[in-house]
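First chain A sits with chain B, and in the next complex the same chain sits with chain C.
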Partner chain A sequence: MFEQKKLVVSHPPFWHNGNRLTQRSYHIMLAALPAVLVGFKTYGMPAVGVVCLSIASAILWELGFNKVAKQPVTIGDGSAALTGLLLAMLFPATMPWWAVITGTFLAIVIGKHIFGGIGSNAFNPVALAVAILMVSWKHLFDFDGMLVNYDLQFTALYPIAAAKHFGAQAAASFNLWDLAIGWQTGGIGTACGLGLLLGGLYLMLRGFIRWEICLSFMAGIYISALLFHLVDPMRFAGPGFHLLAGYTLFGAIFLATEDSSSPVNFIPMLIYGAAGGLMTVLIRNIGNYVDGVILAILVINLVQPLLDKIRPQAIGKVV
Partner chain B sequence: MLKKSFFGLAKPRMEYDLLPARMTEPETVVAPKTATLLHPKQDAPNAPALLKVGDTVKTGQKISLYADDPACVISSVTGTVAAMSPFSGDFGKNYTAITIEVDGEHVFDDRFEELARQPDPAAAPYLAGIPGGPPMGTLMDPASEIKTIVIRGADHDLLVGTNQYIVKTGLADIQRGIKALKDLTGIEQIILVTAAESLQGFGHLGARVKSIGRDYPDALDHMIMKNVLDEVVPAGKTCEELGVCFINAEAVASIGKTFDSGRMPSAKLLTLINKNGGPQLVRTTIGTPIGKILQRFSIAIEEKDRVILGGPMRGSAVFSLDHPVLPDTDAIMVVDDSRAAAASQYPCVNCGDCIRACPVQIPVNMLVRFLEAGQYEEAAERYDLLCCIECGLCSFVCISKIPIFQYIKLAKHELDRAQTVEETNV
Partner chain C sequence: MFSKKELKLAYALAICLLVVGVVSYAAFPLKTPEEPNRIMYTVTAGRVLFDHKTHSSETGFGVACLDCHHHPAESDEETKRACADCHTPPAADQKVNQTCLDCHELDEIEDTEVPNTGDAYHGQCIGCHKDFGAGPVECSQCHVM
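After this line comes the complex of A and B, so read on.
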C-alpha cells in the first residue's frame, strides 16, 4: 500500500469551464483598444504617454500595496492594468504626470484595496478616482482649457460643456455622425462612440460584461434625455447628443458594468442601469457639474446592495 | 467533452451523453485475488467479535462484526478473511475494511438462497448489498411513508452510462425487479425515468415511464421531482420525506435477478472514464480494488492524479487505489493532475456567472460570502443554503475558482452535525 503513487483528494467538480479572472481583464482591455487608438490618432504622443503612465503606475501602486500589506502579488490578474487603462481613457491628453499618478493611487489604493481588494470595492475604482480628481482639481477636467493648444480638424469645443452653458442650440451645432466617429474633444478614449460600441458589443456577446446593465444605462439616458428635450427643446439637447457626447458610452460599457459594484440579478440590473442613465441626465441638465456620468455611477454603486435584494425566490425555499 | 461556446451570453449547457453515442459493450474484469468490503463501523468496544481473520465467508453471506451489530455488509465473494482494518471515508465516516482472499468459485450462502426464493421482508438487509445498492432501509422502514418509487434510468453525472445501459439491455430483469419490489414493499406507484429519445418498448414493465431532459442537471433527484413529479422539494427536506424513494435501475435489475435465480448477482456494472474522458463500460465484482480495474485497461496513474468514484461534476476523489468498488459505485473516473480543476485563493468578484448557472436560483454570490466566513446558520436562513441540489455548476463556472460546491457540502455537513449534537444534548 505504501509503494503506491500518492493521489490527490480534491473536491468536485473536477472540471472547470476554464474562464478566469485574468482572461476577463484582458478581454475588456482588448475591447477598449479601438476607442483608445482613435484617441491616439487624434491627440498623438501626449495621449500615448498618459495611457502608458497610467497603466504602469496603476500596476506599481498595486504591487506596492501588495508588498506593504504582505499579500500575495495580484498584478497578474490584469485588474490593475485594466483600471489604469480605463482611468487614462477618461483623462484629457494633456493630463499632467502628477495628476495621472495621483489618479491611479486613488483608484487602486483608495478605490480598491482599502475596501479589501478585488471583489470588495463598493464603488467603481475608476469612477471614484475621477470624481475625487474632478472635485479637487476642477481645471484638469475642463477639456476646453486642457486641449486649447491642439489644432484639431473639428470644432474644439467640449460638447457637453457647450450644451450646458449655451443650451440646445450649441448642441445642435454638433453633427451626430462626427460625435460617433470621435470628432469631438474629450477624454482620450471616450470620444469615439463607434469604437466604444464595437468593444461593448464584443464584451456583451462574449459575456464579459452584463448586457442588461449596459443597455438599460443607455436606454435610461435616451429616454430621460428625450423627455427633457420634449419639455424644453431650446434648453435641453436631444437624446442622440446625450448618448454620444461626453462620457456616456464609456460609462455605460466600462464603468457601470464593473463586476463587484454592480448587481447580478436581472431586474436589479435593469433598475441599476436605468437609474444610472436617469441620474446622468439629471446632473447634466439641471445639476451643477458638466458631465454627470461619473457621479451618477457612484450613486448607483451606492444603491447596488439594496437593489440586489430584489431576487427570484430560490426553488424550494421555505417561507 | 468540454465544449465552450465563443458567446458567453447564454448559460452553460451541458448534455448527458446518450448510449450508444460513445460507449462500447461492457468488458469484464475477472474477479481479483482479493476483494475488500467496507463495513459501516459502529463502536462497540466490549462486544465479542463475530468475525476474525481466517474465517471463511460465502457469496451472499451477511457479515456482522459482533452480535447485535445493527450494521452489516453482504459478501460479494467467497473466500477467507485475510485482514480487517479501520478505514475512513468522506466527511468523517468510518468503516472497517474487510479484505477477503478470494477462492476460485462462488459458494452461495444458504440463508441468502432461502430468502431469495420469494420476496420476503427478511431479505431486505441482504438486498442492500447487491449491485446497485437498493435503499432497502428506507423502503422497508415501517416509519417511512414512501408512496412512490422512482427508478433512475439515467445517470446523475455526465459521461456516466451505467444505468442507461441497464435500461437498454436488461428490461426483462427490471420488469422482474419491479414486480418483486411491489411484492416486497406494497408500493404500487413506480415510475421509471429515462433520457432516451423514444419511450417505445417500455409498455410491459409494470411501471409508468417518463422521459427527462438531456441537459445537466436534469437527471438529479431534485430536478426529477420538480420536472417529472411536479413536486418541489422544500429546503431542508429530502425526497424520502415527501414519500418518494429513488432507486438505481441497476439495483432494480439486480433485485430481479436475485429472485429469478435465487442467488446473489455477482456482476457489478460501472462506467470507467479514462484520462481523455472516454467512457467504457466495465463488468466487475463488488469489492474489486479500483487499482485492479485501472490496471486491466492500462490506465497509468501518476503522482497527484485524481481517482474519483462517480463522475466529473459530483464524484468524490479517493486516496487509495485499494479503494473497493461499492454496491452503488456507478462510475470510476481518472483525471490527470494537469487537467483537474484547481481551487484558488481569489475572493468572489461578483461576476454573476453562478447566478445564471444555478438551476434553483440560489443567490450564490451572497451565499459564498457567508460560507467563507463560516456563518452557516445565516447562510441557511437568509441565502437558501438548504435549497441547493448539489449539481456543482456554480464551482464549474466560477471565474475566481472558489470551491463553492465544497463550501456548500461542508456547511450542510456542519449544520447537520450541530443539529445532531443539539438533539443528543437535550
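After this line comes the complex of A and C, so read on.
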C-alpha cells in the first residue's frame, strides 16, 4: 500500500533555519577549547605560540590561495581557522615555527583546496597534513624527544610509545584517571580525555558531529584492543589504555567525523567508525608506527566512497 | 557569500593570533634547563631516553653528580662536563682528545686510552644498575627503535 506520509515536501519558498558554516566552525573550535586550555596549562607559552601561529597561518594560506586562484575569499567560513586549531592540537608544544607553517600549508592547500575546497576534500586535511609531516620529519612527533626539557608533574613518557616498546607492563604503570585528566605527554590538545569528551558530547548533542561515527570509532578501539589484550595480556595494553592514550579521543571526535570525508548513512557510518578503531589498534599493536590514529583515519577516508554505496533501498519500483 | 562581519572576524583572528604567535615564539621560548630533566640519546642501536632528574635528585635515586661526571674530581660547577666532551676519539692527527689538552700538557697525560661514548655509557649505566640490583641491564630495556 502506498504510504502518503513518506517524503512529503512543502512548496517553496523555504525557510532557512539560520545554521551557517561559520557557526559550525566556531562551535567546533569552542568544543575543542577545554582540551586546548589543559594543554596551555601543562606546556605554557610555547603551546600558546604553536596554537596561535597555526590558526593565523592557516587563515593566511587560505586567503593566499583564494587570491592566487582568483576565487572569492572564503576565510569567513571559519573552516581554515578550525583546521589550524585542530592541527595545532596534534603538535607537541615545542613544534618549530617552520613546521607549523608547513603543516598548515599542507592542510589548507594540499589537503583542502587542491581537491576543490571545503566539502570536496577526499581526505581529512588535518590527518593528511600530519601524516605527511610524520613521514617527512619523524622526530617532530617523537613526544619523548620533543618534550625533554619540560619538568612535568607526571610521568613524562609518551604512553603509546611506552606500551609499543615495553609492552603491557609499561602501559599498566599509567593510571587511567591520570590519562583522562591530561596527565600524559602528547599533543597540545590531545592529552586531556575528559576535555575532549566534554567537547565531543557538546558537538553530538548540538548535531555538529555524528554520534554514530564517534561512538563506533571508540567501540572499534575498545573491542579490538580487548581482543588483543585477551590473547596476550603481557604484550598488548588493555582497552581502557588505548581509549585514553595518544590521539584516540581526538581522532574519534574531531577527525573521523569530518563531513566531507565521512559517510552519510547509518550503517556505513558504523562500519566506517569501527574500521577506523580496528585499524588504529592494528597499527599500534602490530604495525610499525607508534600511534595509528592518523593513518587509520586516512585509510577509512579512502574507503568512504565505497561504504556510501551501501544505501537505503529506493521507495517504489520500476515497472 | 559571507557577511562582512564574518570576514572581519576572520581577518581580526588572523592578525591578532599571528602577533601573539610570533611574540610567543620570539619572547617565550622553552628554556633549556641548566641541569637537564631528560636526555634523548639517538644512537644506531635505538634511542635511549635517560631521566637525568630522577637519577640526580634527592627525591629520586640521589646519585651524586661526580658519580657519573667523574673527572676531574673537584666538585665545583665547572667540572660537570658532558660525557661526550671527553669520551670521544681524538682527531686523526692527535694522540689524545682536545678536551684533555685544554687543561693538561701532553706529557702530563699517562692514560691515553679513553673509552668511547657508547662504552662509557654502557659501563656506567649497566655497572651501576648491577651494583644496586635495580634498573635495566638488557639492551632492549633501554634502547627502543
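Basically, the second predicted complex is superposed on the first by the 303 of 319 C-alpha atoms of A that agree within 3 Å, B and C clash if a C-alpha of one lies under 4 Å from a C-alpha of the other, contacts with A are read in each partner's own complex, and residues count from 1 in each chain.
Heads up, the rule we're going with is that a residue touches a chain if its C-beta (ideal position, glycine included) is under 8 Å from a C-beta of that chain, and two chains touch if they have at least 3 such contacts.
Owing to the predicted nature of the structure, the values given are computational and were not obtained by experimental measurement.
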Partner chain in contact with A:93 - chain B first, chain C second, else both or neither: second
First, second, both or neither for A:231, with chain B first and chain C second: neither
Contacts of A:53 with chain B and chain C, given as first, second, both or neither: second
Contacts of A:30 with chain B and chain C, given as first, second, both or neither: neither
Which of chain B and chain C A:114 touches, first, second, both or neither: neither
Partner chain in contact with A:260 - chain B first, chain C second, else both or neither: first
Which of chain B and chain C A:135 touches, first, second, both or neither: neither
Chain B versus chain C as contact partner of A:72, first or second or both or neither: both
Chain A positions touched by chain B in one structure and by chain C in the second: 72, 77
Contact footprint of chain B on chain A as seen in their complex: 1, 4-21, 23-24, 72, 77, 116-120, 204-208, 210-211, 259-262, 264-265, 308, 311-318
Chain C-facing residues of chain A, complex: 22, 44-46, 48-57, 59-60, 63, 72-78, 80-81, 93-94, 97, 142, 144-145, 148-151, 156-157, 161, 165-166
Touching residues (chain side chain C, partner chain A) in the complex: 1-3, 6-7, 9-11, 13-15, 17-18, 20-25, 28-33, 36-40, 42, 47, 49, 51, 53, 141, 144-145
Chain A-touching residues of chain B, taken from the complex the two chains share: 2, 4, 6-9, 12, 222, 226, 232-236, 291, 301-308, 310, 312-322, 333, 335, 337, 340-343, 345-353, 355, 359-363, 365-366, 384, 386-387, 392-393, 395-401, 403, 405-406, 409
